[in-house]
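All chains are identified by letter, namely A, B, C, D and E, in their written order; residue positions are counted from 1 within each chain.
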Amino acid sequence: MTDAFDVNTTATSALRAGRTARAAAVALAMLCASTAATAYAATQAEPVKGGEITIVNGSDIKSWDPAVTSGTFPGGPMDMLDAVYGFIVYTDVNGKVQGGMAESLTSPDAKVWTLKLRPGVKFTDGTAYDAEAVKFNWDRAADPATLAPAQAFVASWNKSIKIVDPATLEITLANPDRNFGSTLAQLAPFIASPAALKAAEKKTDIKPVGAGAFLLDSWNQGVSMTMKRNPGYWDQPRPYLDTLKFVVIPETNSRISTVVQGGATMMAGYPYQFGSNAEAAGVTTHEIPLPGLYRAYFNQTKGTFTDRRAREAFYEALQRPRLMKAYTQVEGYIAPTNYFTKDSPFYDATYKLPDYNPQHAQELFNALAKDGKPFDIKIVTYSNSDLKRLGSYLQQSLGAYENVSVKLELVDQAMLTPTCKAQGNFDLCVDGGVLVSNGAEPIISNLLSSKGNDNWGKYNSPAMDKALASANATMDPAAVKAAYGEVQKIVAADLPLYIFGSETRHLLIRNNTGGIVPSNGGILQKQFLFVCKEACTTK
Amino acid sequence: MTNTRLPVAGTSPSRLLEIENLSVHFSRSGKLMRAVDGVSLHVAAGETLGLVGESGSGKTTIGRALLRLLPEANTQWQGSIRYQGTDLASLSRAGMRGMRGRMQMIFQDPVSSFNPRRRIEDIVAEGLVIQGVPKAERRTRVEAALADVGFALADVAGRKPHQFSGGQCQRIAIARALAVQPDLIVCDEPVASLDVSVQAHVINLLQDIREARRLAMIFISHDLAVVKNVSDRVAVLYMGKVVEMGSGEQIYDRPAHPYTRKLLEAVPVVDASRKLRPAADQQAIPSRIRPPSGCAFRTRCPRAVARCGEEEPILTPAPRGQMVACHFPHDETAPFSTARQA
Amino acid sequence: MSEDLPILACRDMSCQISARPKALDVLQNIDFTVARHTALGIVGESGAGKSMLVKSIMGIAPASVRVNGQIMLDGQDLFAMKPRDRARFIGRKVGIVFQNPMTSLNPYVPVGRQIAEACRQHFDVPRDEARQRAIELLRTVGIADPEDCYDYYPHHFSGGMKQRIMIAASLICHPDLLIADEATTALDVTVQKEVLDLLQTIQEQRQMSMILVSHNLGVVAGRTDEILVLYGGHVVEYGPTSEVFRNPRHRYTEALLSAMPHMDQPTHTRLRTIAGQPPSLANKPAGCPFAPRCGAAEGPCHTTMPDMRTGTDSRHRFACHFPLEQTVGPAVVSGATDRGARAQ
Amino acid sequence: MSSPGAPLVQGTRLGDIARAAMPATSMLKLPGGTLFEMLAAAFLVFLVLIALFVDFIPGLVSPKFPYGDFSQMPDLTLNGLLGTDDIGRSILSRVLYGARASLTIVFVATCLSVSVGLLLGMLAGYYRGMLERMVDLYANTMSALPSVLVVLAFVTATGTSVGAIILILGILDIGTYARVAKAGVISQNNRDYVLAARAMGATDARILMKEILPNLIPALTAVMPTLMAGLIITEGSLSFLGYGIPAPAPSWGGMIASSTDLLSRFPVLIVGPTMAIVLTVYALNTVGDYLAHRLNSRERGN
Amino acid sequence: MTGLKPYAKAVSTRILAGIPVFLLVTFGATALSSLAPGSAAQLILGDNATAEQVAALNSAYGYDLPLWERYLKWLGNLLQGDLGQTLFSQQPVLDVVFDRAAVTFEIAFLAMALSLVGIPAAMYTASHPGGIADRFLRSLSSLLLAVPTFVIVVLLSYVFAIVLRWLPATGWANFTDDPIANLWYVALPVICLSLHQTAYLYRVARNEMITVLQEDFVQVARARGLSLSYIMLRHVLRPSMPQILTVMGLSLTYMLAGSFVVESYFAVPGIGWTVLTAVKSHDIPLVQAILSLTVVIFVIVFMLVDIGYAIIDPRVTVS
């Protein structure tokens, strides 16, 4: 769930976040579900047609395969895929599923879902963006050979897709899933022209032919990508922009100064990275008000952390706000008490993760040593400077205890997932970045259910699986809240993850940028973007 | 006084070293250069053979060839070098190593002929170590060799070459050669880089040693006066060939080859009684890579006629007894010696 | 610029190299003159200070060398001039040929230009005229095809040829004085003779003065009018060449003469040796520099530097407390016993 | 052509005399070098002492544990002299311990490349032929490629461990040392003392070890500081790019890298490690120049 | 020295010597794919790929073949002018490499041109050794040589792009598209690259000139009363050039491929940055192509240097 960009970014100032969050909340109140006419967060200006916007990312995509998606965060690979394919549905900042390329995705019982497509939408090769095309893409994603990360998810329901008419599909799930829409938006949102997909012999041959707001004009691998507006886009007069560019700049500082100097329009990051540049003329920061969690995986299949006492000791040994400060160099973090934070509707104050308690932690370390299970861990994380700092801080803080031994392994970007997820070669694995947890699902299941896609620590608790299943199976808010109460209870009891901070993302943007509509983890809906004639984004 | 000997064909037992038809060719970037071209020489025990000639005449190459010290790359040589009947050319490296105790060399530059990082006593003992002389004996022999050149071991022990002057270094070099008790020493310009006030020392020393040990020497020098002083016999080299060979008196008083005469005339003489009359002649020195046809000296020779370009003169006995390679050898006394005797 | 004014006069000249712990005296109390149309030989072994003397006269001694005293060139006091003017003045008045023809010519510049450049700089001679002069000089020094050779680079020439080119270059400004600093040392005997002959011819034809610097007594013997013997930075003997050779008064000169092997000695003649080593810059004897090696040295020799004395010939001067006796007659060069009689 | 005609005093070129008497460009000249060169050498000695005895500096905190709050400005205490880093460790302590890391890596890598390079270079220079061509090929290849690229490619393959970094840094300079050694052997091969040893019947091995090797040491020593300075920079670049010695071990490049991201907020973080790298490289270069100059004048003096 | 012969010889010698280097380097690049953990396939397929799937894709790319076979195949394709396509964007590698090389060439050449100011500076200080200018430039050049490029880059971009905002922090415009913008963008990278280079060139040139100044022929020129400036220009500059040329050749090859830090920090799409990301993402065809280019550049530059020697030094017959 991470990518190069995410790796380079991290947390935020709680104070700053709070202020911007309020401003954003006002704007969000005006957000309307199906039309985008009022969807200009913090923007007063009227949309202007034409112009060019440049989004700076830290790395380039590896493939145009619509089924191979990962990282719903701005600057991640989905950012570029979205411009070409468009989200079929997306989750808005309130956690509500909205229509994107499709008109709506609805269900009366969380079991049978109806997807209504917009009539007359065409791929840029002229073929129809219709039910057949959608089904083709999903069938393809369900094929293990496609290697889609969402393969298991899609395969659990793709057989049941019923094409009602060219603009309507009916999907019947095996089990009710309240969060089907947001999961879909996260895992399998892109539909490419079947013709283009069929034409490609190898994955790398896939040409980006979608029905999204933009057309790929040129791609200079690792450097930049230029897109032109799709003249046949369904939602005229959108997209407003003539040209959308993505440029790759690996260095965070260079990215920031590029935006500050006007060399690019926006980059995603965290206020601590922006520093005084956020105050520079011509730019502003924009919070994406989606709280996310920083977490690390305990390896629960082998090693020290199979013992709950070790996990408890880990929690108790460290001051999490200080860890966050070490990570982001910014003051004011509050340690999350559980998976859900205070501003979540599911928050339950009863069940709390262990707090800082060095004496008890030391007792636990001693006890573990006495039992012949010394606290001897390997922390695996990325080698970028933020995570290196985090890892070093963990190592040095734990090192102050007796009977503790900590190794730190910093791995290359491409190697973290294989090392942690595939090989399970770690005790604690930190992949950095926040995992957006606004709607709880599908992320919470991915993290905590025994079959969860992001459950790198292989946490396995039947009670947790059951609680998560029941939360998903109902549309009744009270039942959901009760189920999530149970989840928090189990989390506090089992300590399946190390949850150490919460954060929202920010954009550093030129202040003449309008039409900022975040979706999912913060990826902007590019068709709304426009260039104002003068500064139009509030500071 | 001088043991002048007419060169005789065939091997005689008194001949310590016999070089026959030695040719050495260097190839430099595809071009072949004949450094030595069909040279035959011999040295008897206790005899000093002087080799004179200008730069590039092949003196040094001959010296190195007969000790088999020429670089192996880009060098071909042929001919036979017999040392007391043993053909050095056919010896293996190890076999040659055995011979090295009997032939030694002294080099021109006393400073560069010593490894600057080694101590004098080690340098002098080097040959003995290699020849496998036991340690106890080594010391006495080093001491003796140093004593022969006027040093006490105690004075030089522990010191490095740079602490000695050029003349002292050359004496140490002699000691190094003597330590292995050779029968023959090749001296390659041993006094060329020494000041006049110092070179006399070294020359006298070499003479003393030669007499005391009945050493044979090959004395290579461009300085005709020095060669005259030390040599029993003298061979004059020109462009890799022996052009004249005979006793010192023969060569110096009645040089038969025009080149020898030219050399002798050119030697600056400490004679301030009259101001010299400058001559205006000058001839180009021919290329080593493409030597002229016939006699190599003909381009500089005032006596050259057509025959000299067609036919290469071979070394034949001249009327006065020396061997000369010239179609028209001189047979009068040298003009300068006439002047002196006048 | 009168004709009887010497072309060069060094008065009480000395050179010091600034060094630690103390400055080194390279040359001390050098006094000599070079008359017009005459040749002076300067003789000395290595370290005697020959090179430094030449460089000091030419004004090209290294920056760490301090030159004191007075050098009058063509009646002008060199040290009274500004450095730039001095360099130009010397460049015009003096031609110099150095020891090593291989390194004295810039391998990157055609020889013709190296010959012509000085007169282009000093006299603003137009390019073509300078070229003509250079070609003429090349012809004078005996280079065949001088027109073609003008554009050749030094590596096309042999050592002797290069030295001829150096001589040509030294003549381009019509100098009054030609200095040949070991100009033939690196050459083969036959070539050496040719070059020496050339130098002498030119000096005589062009009515120049010449300084012939050499370590080899034989080189200067028949070719100079006067000779200056340097030892350890001092002038030990100075006088008419024939007089000095016939009748050396300083014991060093005499020893040097008798230490040389001669071609008219029989084979295996023992040479007379001089004990010890020439003095080094760092530890010079306090008195006569030759005293430690001199058989006749006594008390004062080791403590005081002898003054210059004058022999019967007033032009013959020498610095020795106990000079050799004046021999009469031309027959014997010196008292060296084993050298035998040398016919004159 | 080896016959040296009549070069009686050929060794004395005018320039040599001039060179020997060149004025020192610095005003104060100490035995053998300028004050500045002495200072540089003293600094290196100091650095080596630090690397050896950093554990015993009284009052110096560990480079791995926090000393104060994060990213603090420098103060006048020992540990706070250069401030604290982004997780509260004493930058001074990390710089000093980083010296140990850098010097160890560079030293061991240099030992490796010198020993292999020397061996290859000696054999190549002595026997020429195929071996010489191989050594040339290797050295050419290495100089055709930017060192950071070679190291990166290698480290991607082996992973970042101190051993791997030492190995690859060592491999980098083998070619250069081999070339220097080779040139030294070739220039000595026809020196009279080698000929003399051969005339004495010395075996190749004996000539190489006893005659040639000792005289290669100065030339190698003279290039060593400069190459070591290069290695310090390469190692720093490697750490800077994130492929250096693994954290939390202190390394100068790594410290610079982690301070780079925070440059606009805490510019002071970059000062300590940058100074350390710059001074060390400066000192090494100065000493290298000095050695090269000394060697040069001695060589020419001969 | 007759006609073009030395040049032809320089060219052929260098090409012949370059071939084994070329083979060795490109073979190394090929081997990299088997040595490095992870693979392009892994990156393309994403985190969910199983080992079998990765292996399958690898075999589709031919990465399962034995190393030498893969290498021969690559060589064969190369001879047909086919360098393959980039693994991810499917651009022809040749186009990518030429595009990016043009960028790097521009930066490198400008940096080289800028660094030439070191030569007149060296001429002045070499002829006035020990003077104020000499001491100042010597200290300055030593200092510049001691500052690693990555520090220079960080500091200069901090000062000029972030604090002062005089120059753009990143970006690129092609000279053909917009010459002014091109110069604007190129300024910081060029300055960063050339600082080190200038210092190095200056030092080499100064030391070489000091050495040449002690040559006998300079003493002769001085003895002939020629002016110092004339001596520097006519007698010192040219003999110093071979050494200077060697250094320029070496640093040009270095700059052409070695500007990783500069290029990636300033996001300049040159080959340094490209090869860096290509190595990280296992884009082997790209790595191979760039390394090949590096070697070719190396050979060409040294060929030019040799030709330069032959032009400068009349003695050279090119060994």
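Points to keep in mind about this one:
Everything that follows uses one rule, which is that a residue touches a chain if its C-beta (ideal position, glycine included) is under 8 Å from a C-beta of that chain, and two chains touch if they have at least 3 such contacts.
Since the structure is predicted, the reported quantities are computational estimates derived from the model, not experimental observations.
Where touching is counted per the definition, the chains common to chain A and chain B are D. For the interfaces B-D and D-E, the C-beta contact count is higher for D-E. A separation of 53 Å divides the Cα centre of chain C from that of chain E. The centroid of the Cα atoms in chain A and the matching centroid in chain E are 41 Å apart. With centres defined as mean CA coordinates, chain C is found 92 Å away from chain A.
Per-chain CA centroids place chain B at a distance of 54 Å from chain E.
Under the contact definition stated at the top, the residues of chain A that touch 2 or more other chains are 253, 277, 412. In chain E, the residues touching two or more other chains are 37, 158, 162, 215-216, 218-219, 280.
In chain B, the residues touching two or more other chains are 54-55, 222-223. Against chain D, the residues of chain B that register as touching in their complex are 26, 33, 35, 53-61, 64, 67, 69, 71, 73, 96-98, 100-101, 103-105, 107-109, 111-118, 126-127, 130-131, 173, 176, 180, 189, 192-193, 222-223, 288. Interface of chain D with chain A (complex): residues 64-66, 70-71, 86-89, 156, 160, 242-243, 246-248, 254, 257-258, 260-266. Residues 17, 20-21, 24-25, 28-29, 32, 35-37, 129-130, 134-135, 138, 142-143, 145-151, 154-155, 158, 162, 214-216, 218-219, 250, 253-254, 257-258, 260-261, 272, 275-276, 279-280, 287, 291, 294-295, 298-299 of chain E are the ones that touch chain D when the two sit in their complex. Touching chain B in their complex are the following residues of chain C: 45-46, 142, 144, 158, 160, 188-194, 196-198, 200-201, 204, 215-219, 221-223, 227, 241-242, 244-246, 255-257, 259-274, 277-278, 293, 330, 342-344. Across the complex, chain B is touched by residues 1-11, 128-129, 189-193, 195-203, 206, 210-211, 214-215, 302 of chain D.
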